[in-house]
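Just dropping this structure here.
Note that the chains are named A, B, C and D in the order they appear, and that numbering of residues resets to 1 at the start of each chain.
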């Protein structure tokens, strides 16, 4: 039905980075087992056109920057040749008390 | 249960601006009846801490800027004195063909 | 813009039962601190008409049944006099290993 | 992070039926162009275990029943051999005024 709500693209980005990490041999489960959590700390997202529910879309994920404290991904949501949405999402890693931690090896593949 | 997914805050902002417009006497229904659509074109969102499902949170909405083509709102999601999330959301108005339109009077209250 | 996606009503029910529990003096935080989780095990939901984004809706929450193992709530989503959605949601309580537990006192207010 | 919110499975079912229709040669776009809308009128959903964000899951979609007025699909969400969620979703077709219509040919592939 109609257009995809703008908040859903954040879930598409999440799918993008999960698949990216998986295909790169990342070990997310290990991170969780170490009592660490990967959290989103910043999103910058530009919407050019909206996908419709029936559309086949492509989620393009790239690493923009990795530091000791952050991973920044760039995303493009495309429908064929058309760019629909473009975003930068910054992740950080925290422990159970919400304290920032170094990005663990298991994510740096 | 547990933490609120980061994409949900975009829905909270939407609730914030809907209530803001309503309380200011805006006439959103009129806009829709004129065949116009208010769309999100840009989001910039910083997450400092996460709300839990049981938390009472406050959605603070302010107009940051209005031009002929855009409405920019600033949001703060607060839990008591604590700032959880801070964002800027830019809206534009399009017609059925996706062409940008002037922001209609009915939204400028 | 437009109609509310049918999955969102499940979040409205969640808001309904959270507020219900809060107003009844329930102590959800205590449940979580005891290492227990309240989970949804069954949903039966009938949609009669859809809310639009601008609509003011009412979430009516009632306890239908409580047993040692389950809490069943009934919900109505109303827009003025009109019934939009009607549902039954069954909750159970599990521990960290996913094992079913008795419904704790803190929820039985 | 952690577990998938129970409302998200309704989106997975939607993905399931969209792909099912597409692979069967259905013409959803035609339905929309005829001014008709496919809407969810009933959901019955049982949750046995929750997926985690990193999990690879399988969405199994079957047609349970088609009548002049309704399409009923059955879904299973599986993680390997394990059944996580089981559901029945009933769709109907309405026009712009919300009046029920016959299920169009384009969906009956």
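Basically, contacts are C-beta pairs under 8 Å (C-beta built on N, C-alpha and C of every residue); 3 or more make two chains touch, one makes a residue touch a chain.
Owing to the predicted nature of the structure, the values given are computational and were not obtained by experimental measurement.
> Same residues or different residues where subunit C meets subunit D? The copies count as same if more than half of the interface numbers are shared.
Comparing the two copies, subunit C and subunit D contact each other through largely the same residue numbers, since over half are shared.
> Between A-D and A-B, which chain pair is linked by more C-beta pairs in contact?
A-B
> Approximately how many whole Å separate the CA-defined centres of subunit A and subunit B?
22
> Tell me, which residues of subunit C touch at least two other chains?
1, 39
> Applying the document's contact rule, which stretches of subunit D touch subunit A when the two form their complex?
So the residues of subunit D touching subunit A come out as 1, 14, 18, 22, 28-29, 32, 37-39, 53-54.
> In their complex, what parts of subunit D are in touch with subunit C?
It comes out as residues 6-8, 10-11, 39-50, 98.
> What residues on subunit B touch subunit D, complex-wise?
1-3, 5
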